[in-house]
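Each structure below appears as structure tokens.
The two complexes that follow have subunit A in common; it is paired with subunit B in the first and with subunit C in the second.
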Partner chain A sequence: MTFPSGTLLAQSALSGVFIGSLYGLLGLGVGLAWGLLHVINLAHFAFAFLAAYLCYQLASVGGMDPLLTLALIVPLFAALGAALQWVLERFDVSPLNSLLATFGIAAIIEAGIQWEWTADFRKLESVYAGRTFKVGVLFVPLPELLTLLLSLILAFGIWAAMRYTNLGRALRALAEDAPIAAAFGINRRAHALVLAGVCGALAGIAGVCLALTYTLTPSQIYAWVGVVFAAVMLGGLGSALGPLTGGIVIGVSEAVTMAFVSPSWAPIVSFSLLIGLLLLKPERS
Partner chain B sequence: MLELRDLRVEYGAAPALWGVSLAIPERKLVCIVGPNGAGKTTLINAIAGLHRAKSGRIVMDGTDMTSLPSHRYCSAGIAIVPEGRRLFTRMSVRENLEVGSYTRAARKDRDRSLDYICTLFPAVRDKLDSVAGSLSGGQQQMVAIGRALMARPRLLLLDEPSLGLSPLIVQAMFGAIREVNAAGTAVLLVEQNVANALEIADFAYLLEEGRIVAEGAPNVLFNNPELRRAYLGIVPGH
Partner chain C sequence: MSIIARTARWACAACVGLAMASGAWAQAGQPPIRIGSTLALTGPLAATSLVHKVVGEIYVEQLNKRGGLLGRPVEWIVKDDQSKPDLARTLYEQLITADKVDLLMGPYATGAILSAMGVAQRYHKVLIHHTFGIPSMAKYDMQFPAWSLGPDPGTTVPTTVLKALAASPKPPKTIAIVTSKFPSVHFMSLGAREVAKKMGLKEVLFLEWDFGNLDYGPIAARIKDANPDFLWVGAIGLEGNQLLEAMHKIDYTPHEHFYLYPAPGPMSKSPLANDAMSVTLFEEHPPFTNAPGAAEFIKLYHERAAKAGIPDPTVEVQAAASYTAWQILEAGVRGAGSLDDKAIAAWIKTHRVQTITGNLRFDGPNNYGDDLMKVKQVQNGHWVTVYPKEFAAPGATLQVQ
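On to the complex of A and B.
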């Protein structure tokens, strides 16, 4: 390799950390619902995109600060998440069927987005978009940095809540043995709704980060599924810190591969990592 | 305190109950014996709210519990040590105990309950920060009893607490059960280890094929030579 590769490597790794934190942020909600509620929620990705388009609408047409849109988006998507859980419970949907049902919901949301905002590319031009600062030789874009910070705060916040609050312990107990947890007074349905609401809110926050950092088009919903699932599996289902760790590992390996080999090799590296890990530690899945 | 009236339960592959009536008075230690498959576990799970009754009534302190959801049973004063313990194996011992004191009333006494359990089972104190799944069978059984006691129950349900444990630990376990009962908690005990169970019980029921076939004070009930042979393995004249 040629001389500037040190800087290139560092810059690639950094952008890998940034994209990885978005994988992790999306994966956080997916992994919690999968591990603790036994719902494999493909609609999570569609919720995130819907939130991204709402953020785009409120910020670029309504003139709101993109971060202020969280005040509307978080409660709205918490309610959506809880409503989805209520419906899945109402029809007693099994984990596998939850995958199919939420895929259908994702397709409906995609169609809705396409109808409202068309399939054209949309890019939120916000006050944050152009801001980049330089740390040493590295360029740090502000929207990506915000995404990383939000992911870290949320992952560590949820990790602490799972460990140190009655709600968190109750959720973990329910995930392991719901009937016995109920025998100790834990209302399973109420807790499931709360957790699904948290997951919905996480989808909303991930959507705002998406709008800040990416160009939006409805079909992109599915582009994130494979790699986010990989991050969740790498990190462990139901874990709070796992998806972020897994996401960053995948993001960095992808970014470095893109820079030094070829962009088309990136998915091969990240999915080989996943398959390798599942072969070595099958109990993770 | 607790009363079952003509309780019928059919639950999947579990043995069914065909109209069971029994009473557990305040502060008493009541024992249910019977052969495998008689429905003892189905009965104790129904009282804990884990199985739905098909008909009949579960009445606690005059309140009909039958149609309440299972998470309402605990705050009525009922806590279970289920068959096979069923600890939350991925959580620490302390967290298991904290889940035991989840109800609002039990939460207030959390620290005091924890102290009491560590006095009752000193081995638990050293294991508080271990993952529950890593404990030995005897230690797990102590945590399972501790978890139930954390709920501050007035009725403690114990399903085969001595199963698979060494004789020494079984003795300690029965000692602890007696101590809990002496402190004022009513106990319903299901046991294979009939001789031990009857020694500490105030009253016993014999369950066969989902029906109560005999009841009485243990010494009266098991004066019957046939029952002695069948359940205590004691042949008259030996």
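On to the complex of A and C.
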């Protein structure tokens, strides 16, 4: 093992922060649904990719600015998220069964994406794609920076909403003890629909970030599941800031491992971190 | 004449009549020869499998226009293995035992082919396959490859690539080898390390990553730090593009760069991939297009691929290897003059087959013949063969920076 140069290490760590922010953005919706609604939503990843393909379609074929597509994608996916919650409530799906049911929905969405856009690779060529600027010796790519900024704004925004608004307090109360919260007049079903809508919207935003940064193929949906779940577990279920923190810890630890040792060691380090944390703090599982 | 005798005569006459009638029916419309295979029509390998589906349909159509095989029409039964080797195994069992197909054609890609090979071996069926990447694992004596890598591609392929560079105006002195751990790619990259060492190149970086890696930023940073004269990327599918994009983001352009199995369309269309090298068995230019049947196939493929929604309807390695596999099967059946698998295998093993990817032989270790891989390069948004000289596109030479 040779010691990497400072520039290499800093550039790698920055790359880890960027990808970690995307893990965090994807994990934010997953963690909120899991912690507050007790829904383990694998369809969240499929929603994100569906949003990415819609962004690709609107921007490549429709000529829209990719960021402007958020105006259509956010409400659409909020409605999708709420609709999924309604269906899960309607059939009284348990948390474990929600994992199976949403996996099925993810598979259906994957098939739908493949039917519409084929299994071939799709790359969104946007005005943002090739833009990189230099800060000192470090190169900062614009799409990744946008993802980081969006992740920070959303994570802190949701954290503040959960802490300082009646809606947030009600949601936390419902997650803590739903019958008691209901006794205080909180409409559980309506609040759950609102939160599921927010999670759907978050999937939509993550999808736009994916489209800005990555080449799309339907099967990529599952490539993100393991590492995002790890970020959510590290950060804590139902936490607004946790998934972003967990994502960045994983992203940076992976990147630094790649710089110091070998890229093939990266997943071992990040998942060892997770296992270590679960052993030390089992209440997070 | 007793009633019994008369009845017997009528019965005999009826039988003869029926036999004649059925013979006449059989001559007018013979039952088809059924060829069974699976393809990854869904799942992560579906994009490339679609190429093989289109090629198979074209070939069977052409074959039937030529009168089919052994005077019978040919029917191709293709099932979806969903990119899962375990499902491919089950489906090949089904094709042989339930669908009772006469012949087999291989699936896509290495994992599924290995599964199909096991089933073919159990039922003593010939298996022609188009894209098997690890020749040392092809132990079954009635399997035949269309992907002409030769028996030891870990040595021969890197040798071809490094010889091409050695013959260029500016031969590299240092090499970085970065590679996915995808099985059919990894051993080739390990071979490249050995060959580079023997050829006197100094290795300045060796890195491996797991297939499915999402962050290429740190890998790009390490390549930039090592700044090799030649970058060997053991990449499959999109990995090559992802690494190119990551290098571009940190303002690094590799000097000479090679990608083992890139996604052909996305790489040639990428503005970052100019001068990127890879290996090929066939490209859409002479002398490949001079092979018998190649021009007609290319024309048909362009039409059908566009209709099937394939973004890049160019005939390159995948499509050509697929067509080659069908040519081998046809030659085997015609040569043997029967559908007997042992006779077909015996004929293929002892004869050369003229295909669009070359004149193939199957008498080497594990039925592999010559390594026919050539070196291609992205030039002006197109793949062109640049080495060896006799296969280079008209006027094309290896571009070095």
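Going forward, the second predicted complex is superposed on the first by the 281 of 285 C-alpha atoms of A that agree within 3 Å, B and C clash if a C-alpha of one lies under 4 Å from a C-alpha of the other, contacts with A are read in each partner's own complex, and residues count from 1 in each chain.
Methods note: a contact is a pair of C-beta atoms (placed from the backbone, for glycine too) under 8 Å apart; a residue touches a chain by one contact, two chains touch by 3 or more.
Keep in mind the model is a prediction, meaning the values are calculated, not measured.
Enquirer: Check subunit A with both subunit B and subunit C modelled on it and let me know: fit or clash.
Expert: Subunit B/subunit C on subunit A - fit side by side.
Enquirer: Once the structures are superposed on A, label A:N97 by its partner contacts, choosing first (subunit B), second (subunit C), both or neither.
Expert: neither
Enquirer: Tell me the contact category for A:A183 with respect to subunit B and subunit C: first, second, both or neither.
Expert: After superposition on chain A, A:A183 lies in contact with subunit B alone.
Enquirer: Nearest 10 degrees is fine: what angle do the Cα centroids of subunit B and subunit C make about that of subunit A?
Expert: Computed from the C-alpha centres, it is 140 degrees.
Enquirer: A:Q11 in the overlay: touching subunit B, subunit C, both, or neither? Say first, second, both or neither.
Expert: second
Enquirer: Please work out whether A:A173 is in contact with subunit B alone, subunit C alone, both, or neither, and reply first, second, both or neither.
Expert: First partner only, subunit B.
Enquirer: Scan A:S60 for contacts with subunit B and subunit C and give back first, second, both or neither.
Expert: Once the two structures are laid over each other on A, A:S60 reaches no partner at all.
Enquirer: Check whether subunit B or subunit C contacts more residues of subunit A in the superposed model.
Expert: In the superposed model, C touches more residues of subunit A.
Enquirer: Once both structures are overlaid on their shared chain, how near does any Cα of subunit B get to a Cα of subunit C? Whole angstrom is fine.
Expert: Minimum C-alpha separation, subunit B to subunit C: 36 Å.
Enquirer: Could you list, by residue number, the parts of subunit C that touch subunit A in their complex?
Expert: Touch list, subunit C to subunit A: 42-44, 46-47, 50, 83, 181, 207-210, 212-215, 217-219, 221-222, 224-225, 238, 241-242, 246, 248-251, 263, 265-266, 309-311.
Enquirer: Looking at the complex, which residues from subunit B come into contact with subunit A?
Expert: Residue positions touching the partner: 48-50, 69-75, 79-80, 82, 86, 88-91, 95, 98-100, 102-103, 106-107, 147, 151.
Enquirer: Note which residues of subunit A are touching subunit B in the complex, please.
Expert: 166, 169-170, 172-173, 176-177, 179-188
Enquirer: Mind listing the subunit A positions that touch subunit C in their complex?
Expert: 4-5, 7-8, 11-12, 14-16, 18-19, 111, 114, 118-121, 123, 130, 132, 134, 139, 141, 144, 214-215, 217, 219, 223-224, 227, 251, 254-256, 258-259, 262-264, 266-267
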